[in-house]
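Multiple structures are listed underneath, in structure tokens.
The following pair of complexes shares a single chain, chain A, combined with chain B in the former and chain C in the latter.
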Partner chain A sequence: MTSVTTDMAVATKDSPAVKREGRDRRRAFMLLAPGVVWMILFMVLPMLMVIYVSFWTQTTFAVEPTLTTASWERFMSSTTYISAIGTTLRIWVIVLLATLVVGYPVALFIGLFVKNRTVQTALLVACVIPFWTSFLIRVIAWRPMLGTEGAINLILMKLGIIDQPLTFLLFSEFSVLVGMTQIYCVFMVGPITFMIARIDESMIEAARDLGASFWTIFRRIVLPLSMPGVIVGAIFVSVMVLGEFATAASLSGRKVNLLGNIIVSQVGSLKWAFAAVAGVVLTVIITAVITLALRVVDLRKEM
Partner chain B sequence: MLKLNGITRRYGGTAALDGLDFTVPDDTYVSLLGASGSGKTTLLRLIAGFEEPDAGEIVLGGERLDGKPPHRRDIGFVFQNFALFPHLSVQENVAFGLKHRETGAIASGSELTDRVAAALDLVGLTGFGHRGVGEISGGQKQRVALARTLVTEPRLVLLDEPLGALDANLRARMCDELRAIRERLKVSFLHVTGSETEALTMGDMVAVLAQGRIAQAAESTMLFHQPQNPAAARHLNAWNLLAGTVTGGALQTPVGRLPLPRPLADGTPAQLAVRFDQIDVAEPGAVPPGQDHFTARYLTGEFNGPTTLSFFRADDGELIQVVDHMSNPRLPDLEEGKTYALHFSPEAALLYEGAA
Partner chain C sequence: MNTGILKPTLAIYAAIFLLFLYGPLIILAILSFQSQGGGPQFPIQEWSTYWYRHLFGVTETSRVSQLPVGDALVRSLILAFMTTVVSTVLGTMSAEAFRTRFKGSGPVFYLIILGMMVPGVLVGLGMALLSNFAGIDRAWWGTAFVLHVVYTYPFAFLVMLAIFNRFDRSVEEASLSLGVSPAQTFRRVTFPILFPGVLSAMLFSFTLSYDEFSRTLFTVGRELTLPLAIYGTFSVEIYPNIFAFGVLTTLFSFTLLVVYGLLMKRFTSRRARFSGQEEAA
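Moving on to the complex of A and B:
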């Protein structure tokens, strides 16, 4: 009895199935290795370092590796910084909603109403055309558009709709919102379009045949089936908006202070420990937002 | 009763349907038989309202349907790929029409539950309501698709190759069940298929769609025994067609002169149709008296279980098929490449006027 079992064990040890499994596993590790090494060296270690530095002692022009909670206490007790968190969250929510409101109809049009795959691709590429110029140019181009003597004010005054130029358009939170929505909208459009384009045409016909009107079909079929796209788009937009500083820096006239702007200015004045605190806070917020987003839709089920 | 009058549908320059007239009677199982690309799916889509005809009218129970959007036509459509909603459970799929239709939506939860349960009972899926549509087999998906359509009590049910996605075993069983379900509901089914056996099995009435028109619509045995025209005969995949011209009181075909079942004027083009199972094979020169015959070379045989299909090539290249039943064998042992006399009783032949 024992010998039989041993024989079988020996026989299966070098069986082609076992060898194939081993080869597949080795190949998986090889594919994974560069990514893992990269992430450890340039993400995990620096993150740990940032957390560590946030507890260092900050003097006027230097940081010393003596552990203290001083930077944390200063951050948490300062209304400026706490309100920066508020501003960051407020701008994130508004930009997220704006990109969704502007982006979803575009995605719906490309994914559902354009039947031709070539035209679909062409339209998606058209959405990316603004990215052919640099980030800074895209942002700064809003100045001649929104300024007191900018295009919008000029047109409105020529039409006689207003007599005084609107001043809230530029160097305000409004201009930051407009700029960010324009830049990040495409990251919402892409994933939603792909999800909607995957919906089988016959499914929509079936729903119509069962008596449902267009709006019911949108609410009951298209919207639920496109939710994974909305979540992926929302994660893209959130991650980018929460870490933003450049749009605020060039369009807000220093009136809007995001966590990103604080980090930039603190690093600029060599306040490393303090910048590290803001960095940790920002990372915690982004992690929380992504976790929340993934809770809403089970992406594993949808992929 | 559904009446189609002069339905035409063009795609670009080509007409998929060309002045089609057709009537689907009440309380009848109608099979629509057509080759792929014959426009049979187009016809269903026009009736359901997913497309509109370029000309003609669609009338159901005295009411014009064309021009109405699909969700106001009250017609059921069962898709070949089932088109179930993947994010909803079996129960929610079946309830969709009742709950979300534009007019007459049912709000009462208990009525919904009851009617969905009754529909699932009808298709033999009792207790499957809570499953996800990804967790059931192809045959069960087919039943869910059927229940989802039937629960809304449509005035007519269209089935687009409903058995195409099922394996052979399941197909035979669904055939019986579809007929049984229809008989219980007393609503007409219009079942589109490319398979002549499926069409003949399912249909109380079978309609043959060819060249954008209905070639013939008749009760299934009637259609099988008496196809009215070459197009209908060809689609049944059971008739050999021999084309020729009438000369001197006989049909001059490339395989030889064949007597006419009824007299036609000289010079008339005509076709003779003989069913696969009504041709006998004999050595040349050994044709029994009173039988018409022509000669052809035996190519090969195809063993199909209870029947054998033998292929012959006539001198003009025409392929002739002969069916032999295992329980009642008529054919001698055939030798490949040898020429035989194929003979048939003059009464077995059908004559069609007109060129092939």
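Moving on to the complex of A and C:
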């Protein structure tokens, strides 16, 4: 019995198919090695370094590799830092919902109601084009829009709706939310449109022939089939909003402090260990969010 | 489908959405033509190209200092070019590897994708700490460059993966078994199939790197890239010269997009002509 199996193993080891498979695998390994090494050296290692340094000792202008939990204790006992976690989570939830609410009807229109392929592509391209322009310019463009002498106030006053300029529009949490919603909406519209456009037309026709109303069709067919798009969009928006600091820094007038802003200001004053602690907290939050989302959808299958 | 007023309602909504997307940029473009005395808001005192001239330093000295974009622009372009080359090569190699099934492809896939997911401020911080620890000076062509590749390589990889998924290897094998040399096969068969993907991967890498900001912030060292030079001016009072710069940089991105579109169109029409010839024969 044993001798037979060994014989067979020897036979298959020499077979051209197995040889070729081995060669292919070696080739795949060689092709992947540079990319994987690059990612480990310049992404994984830096992230591990953040965790490591969060336990270093912070002196006035430097960090020393003497391990301590002092930075963690200071972070956890500071109301500024803890409230930054709260602000980050609040802004994240609001922007996520806003991009979904603002973006879904647009995706529905482009994906379901526009039948002409060329028009469909043109509309999608029109949504994506702002993504190609400078991020910082898009952020700063909200200032002349929302300021007390900005376009919105000007128009509202001309129309006689208000007689005093609204001051809450700029340098407030509101401007940060509006700015982020505009900037990240594209990442919601794109994946959802893609999923809706993929829905088989005959399925919707069948439902209609059977007397289903539009609402039923939407609830029973379109919504469930667009869910992977929503999740993929939510992942994109989440990781970008959670790691944000530039929008808050330029539009909130220092009123909104996200974890990203804490990191930037701590690095600015050479408090590397505190920055690292904030970095680890942010990493934990983002990992939790992505893990949760990936439980719902397999990213690799959707892409 | 009894959609009734639903379709027009959604159409109007989509139009408002586009206005929401483009409105700020339109306002910005209008205000970039503000006159010298006007501020970064309405009303327009007088239409002029003053702030464009100011940007290029061809106006008489003014109280507003010139935007420090000259050297930064050159650095950003070189950096974007380096990033484009490296990430397109890495992305193509990795996607080619994924054509064979191998153990551990799942974790490797997510490792690569993580590069575009992980917030810039985190890897930036990590890289800065790492370079401090290792005693390496931070520089745009070093620490910032490797992070730019970490960010753009996943995009190139995904684009190429999509191309390879549609690439039937038997076409290549047929060419080889008909006695066509490997070099010819690559030029006539493999390259034409891959070219649109490579072009898209390059476009992604270039524009993402050119505009990259959060990864660069902690890793750039003393010499700034273009987005950082711009960001530096945000903390002080802003002037319409930033708006003028915004218009120009947006036009630059559009030019890239148009060049990409033209190359793509020319390429696909050539392929269409080629297949037309085959049909005629």
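Criterion: the second predicted complex is superposed on the first by the 280 of 303 C-alpha atoms of A that agree within 3 Å, B and C clash if a C-alpha of one lies under 4 Å from a C-alpha of the other, contacts with A are read in each partner's own complex, and residues count from 1 in each chain.
Here, a contact is a pair of C-beta atoms (placed from the backbone, for glycine too) under 8 Å apart; a residue touches a chain by one contact, two chains touch by 3 or more.
Fair warning: this is a prediction, and the values are worked out from it, not measured in the lab.
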Look at where chain B and chain C land on chain A after superposing the complexes, then choose clash or fit. fit
Determine, under the contact definition given at the top, whether A:P16 touches first (chain B), second (chain C), both, or neither. neither
After superposition on the shared chain, which partner residues are touched by A:S213: those of chain B (first), chain C (second), both, or neither? both
In the overlay, answer first, second, both or neither for which of chain B and chain C A:G160 touches. neither
Looking at the overlay, does A:L242 come into contact with chain B only (first), chain C only (second), both, or neither? second
Between chain B (first) and chain C (second), which, if any, makes contact with A:R27: first, second, both or neither? second
Who does A:V102 touch here: chain B (first), chain C (second), both, or neither? second
When both complexes are superposed, which of chain B and chain C contacts more residues belonging to chain A? C
Smallest separation in Å between any Cα of chain B and any Cα of chain C in the superposed model? 6
Once the two structures are fitted together, what part of chain A is touched by chain B and by chain C alike? 208, 213
With touch defined as at the start, can you tell me which chain A residues reach chain C in the complex? 24-25, 27-29, 31-32, 34-36, 38-50, 53, 102-103, 105-106, 108-110, 113, 123, 126-127, 129-130, 132-138, 140-145, 147, 149-151, 154, 182, 185-186, 204, 208, 213-214, 217, 235, 239-240, 242-246, 249-250, 260, 263-264, 267, 272, 275-276, 279, 282-283, 286, 290, 299-300, 303
List of chain B residues in touch with chain A within their complex: 48-50, 69-72, 74-77, 79, 81, 83-87, 96-97, 100-104, 148-149, 152
Which part of chain A faces chain B closely enough to touch in the complex? 200, 202-203, 205-213, 216, 220-221, 224-225
Which stretch or stretches of chain C touch chain A in the complex? 1-3, 6-7, 10-11, 13-14, 17-18, 20-25, 27-28, 31, 39-42, 90-91, 93-94, 96-100, 102, 106, 108-115, 117-123, 125-130, 132-133, 146-147, 149-150, 153, 157-158, 161-162, 207, 211, 213-214, 217-218, 227, 230-231, 234, 238, 242-243, 245-246, 249-250, 253-254, 256-257
